[in-house]
Amino acid sequence: MELDSRIEAVLFFKSEPVSLKKLAEILAVTEEAASEALLVLENKLAGRGIRLMRANSEIALATAPEAGELVESLVKEDQNRDLGKAGLETLAIVAYQGPIARSQIDYIRGVNSSAIVRNLMVRGLIERVANPDDSRSFLYQPTMDLLQNLGLTKLEQLPEFETFKTRLEAIAETSDE
Amino acid sequence: MELDSRIEAVLFFKSEPVSLKKLAEILAVTEEAASEALLVLENKLAGRGIRLMRANSEIALATAPEAGELVESLVKEDQNRDLGKAGLETLAIVAYQGPIARSQIDYIRGVNSSAIVRNLMVRGLIERVANPDDSRSFLYQPTMDLLQNLGLTKLEQLPEFETFKTRLEAIAETSDE
Amino acid sequence: MENRFTIKAGEFEGPLELLLDLIEKRKLHISQVSLAQVADEYIIHVQRLGQVPMGDMANFVLVASTLMLIKSLSLLPTLQLTQEEKQSVEDLERRLKLYEKMRELSVHIKERFGKQILYNRQPSKERPIVFAPAKDATAASLHEGIKRVLASLPKREAIPQAIVRKVISLEEVVENLADRVQRAFKLRFSEFAGQYKEERVNVIVSFLGMLELVKQGIINVTQDSHFQDIAMETTKPGVPRY
């Protein structure tokens, strides 16, 4: 059985995001080999009912965006889709600028964002990771769940992602002085 | 989107066998059309990690038989895996404060706990019971198996049980505001 | 126990949001000129804010004082600004542009969120539950776990000391600014000749009154801080600077 098919089986069985490292470990291959096979799988799934998702070097399978409405009709519990103005702003900052510190979110929004950040974390739309430059502090980044809610298989598919990622970073740096 | 891909999305999401009749109903097509599309899907899945399974006119997606050994090793690994920090914290909340709603677990931890709660359930460490106050939702509580495994005859024997239960209650209450 | 985080993350309008709204309402672009134009209106809004947490009120007042600087400069271009004042003027303009960009980008999120969701597999009801104890789950580790959970609950946030200090020193800054504008105004009074003379004088007089209002706002804020039991934490990096 081809590596890409074995990956598909693992992701299907796991039903939750798996890191590239873990995936390589399970399949007893190098991360490079797993990465290559993921590209193959991604291509094979094009146009199909399920898609390969990636976020923060984690990988998962999910239903295709085009099937969103159909599957939604099968979901029983109601989903809270109201983000509010503060939630939208904060999600935009984290999606386009993440991983980003809370102090920088505050700086951009001009208000204390601790309540809204916590709210988005509880909803599973953003997550906290250790700051590689400062072990005592945290950074916030978008979750796979957020991407799924936005109908994206990866963050780079966000409109204007590349343009604003770089441009805004240059400005955000000023808050670090 | 092609009918076979739409079927794939539905079966993937459902994670359990669906009858042909039900499938046709979901997709708003005749059973004949669904049957034909199933043949197409079956062909497309040949050699892949996921296969179409049929038994007694029930249809489901499952991992390919060739991946059987791989899947078995995953099952074993899942069963022996340590819970880790996040898992232990979640289990502790359920043990000290159960029966408790998922939304309250999320609120207390400050992060979304759905994946962890599911994992604890699959392992038989916690179980879901009906919420007496709201028939549409569930509460989570530790299983008898867990108690026995911890060497306890009742939860109250957990260290400082009353103290922490009271403190958690106060927090959980504020989440309902 | 502190449960301040239960305060709802409501639709609280922040200072940058208010400022941007005022500029956009007049169909202006962000610039020092447009900031000077909306300064009065901004301050009137801030006066009407009512109950706002101390930390947030400080942010409003800090922006107000920078707007006053910008306005002073637009009225009396000869007014000398210190290096720090110049920087806070530039900083406000830059931050406002950054905020504007993010607000624009948030439209993409709004348009997409929840519209075409990619779903995970539902938890299978077919999978038999087999009791699988974890080696690390013991009564002691659960005890440790619950202690960790309680310890990591959010504490009531201390207002960064730097903000408090800045607001307190602002009182002096505004007083000083009022002095400088008044002096420059008297010095230049003879220059305000011609038909617009009266108009110009009126503008500056009302501006001085506005400065007084800002000062009062600042005094309010600093007084609040005396009544509140503020835990003085060390300043975190990246605290907003105006």
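Going in written order, the chains are labelled A, B and C, and every chain counts its residues from 1.
One rule holds in what follows: contacts are C-beta pairs under 8 Å (C-beta built on N, C-alpha and C of every residue); 3 or more make two chains touch, one makes a residue touch a chain.
Since the model is a prediction, treat every value here as computed from it, not as a measurement.
Peer 1: Pick the chain whose C-alpha centre of mass, unweighted, sits closest to the average of all protein C-alpha coordinates shown.
Peer 2: Chain nearest the overall C-alpha centroid, as shown: A.
Peer 1: Would you kindly say which chain has the C-alpha centre located farthest from the C-alpha centre of chain C?
Peer 2: B
Peer 1: Whole-Å distance, chain A centre to chain C centre, using C-alpha means?
Peer 2: It comes to 29 Å between the two C-alpha centres.
Peer 1: What's the distance between the Cα centroids of chain A and chain B, rounded to whole Å?
Peer 2: For chain A versus chain B, the centre distance works out to 21 Å.
Peer 1: Would you kindly tell me how far, in whole Å, the mean C-alpha position of chain C lies from that of chain B?
Peer 2: It comes to 43 Å between the two C-alpha centres.
Peer 1: When you check chain B against every other chain, which residues touch at least two of them?
Peer 2: 12-15, 110
Peer 1: Would you pick out the residues of chain C that each touch at least 2 other chains?
Peer 2: As it turns out, chain C has residues touching two or more other chains at 8, 119-121, 123-124, 154.
Peer 1: Chain C touches which residues of chain B in the complex?
Peer 2: Touch residues, chain B against chain C: 12-17, 78-85, 87-89, 91-93, 95-96, 108-110, 118, 121-125, 143, 145-146, 149-152, 157-160, 164, 167-168, 170-171, 174-175, 177.
Peer 1: Flag every residue of chain A that touches chain B in the complex, lowest number first.
Peer 2: Checking each residue of chain A against chain B gives 1-2, 4-16, 26-27, 44, 47-50, 61, 63-64, 66-67, 70-71, 73-74, 77, 118, 121-124, 127-128, 145.
Peer 1: Any idea which chain C residues touch chain B in the complex?
Peer 2: Its residues touching chain B are 1, 3, 6, 8, 119-127, 129-150, 152-154.
Peer 1: Can you list the residues on chain C that touch chain A in the complex?
Peer 2: Listed in rising order, the residues are 5, 7-12, 14-17, 53, 55-56, 59, 63, 91, 94-95, 97-99, 101-103, 105-106, 108-110, 112-121, 123-124, 154, 157, 236-241.
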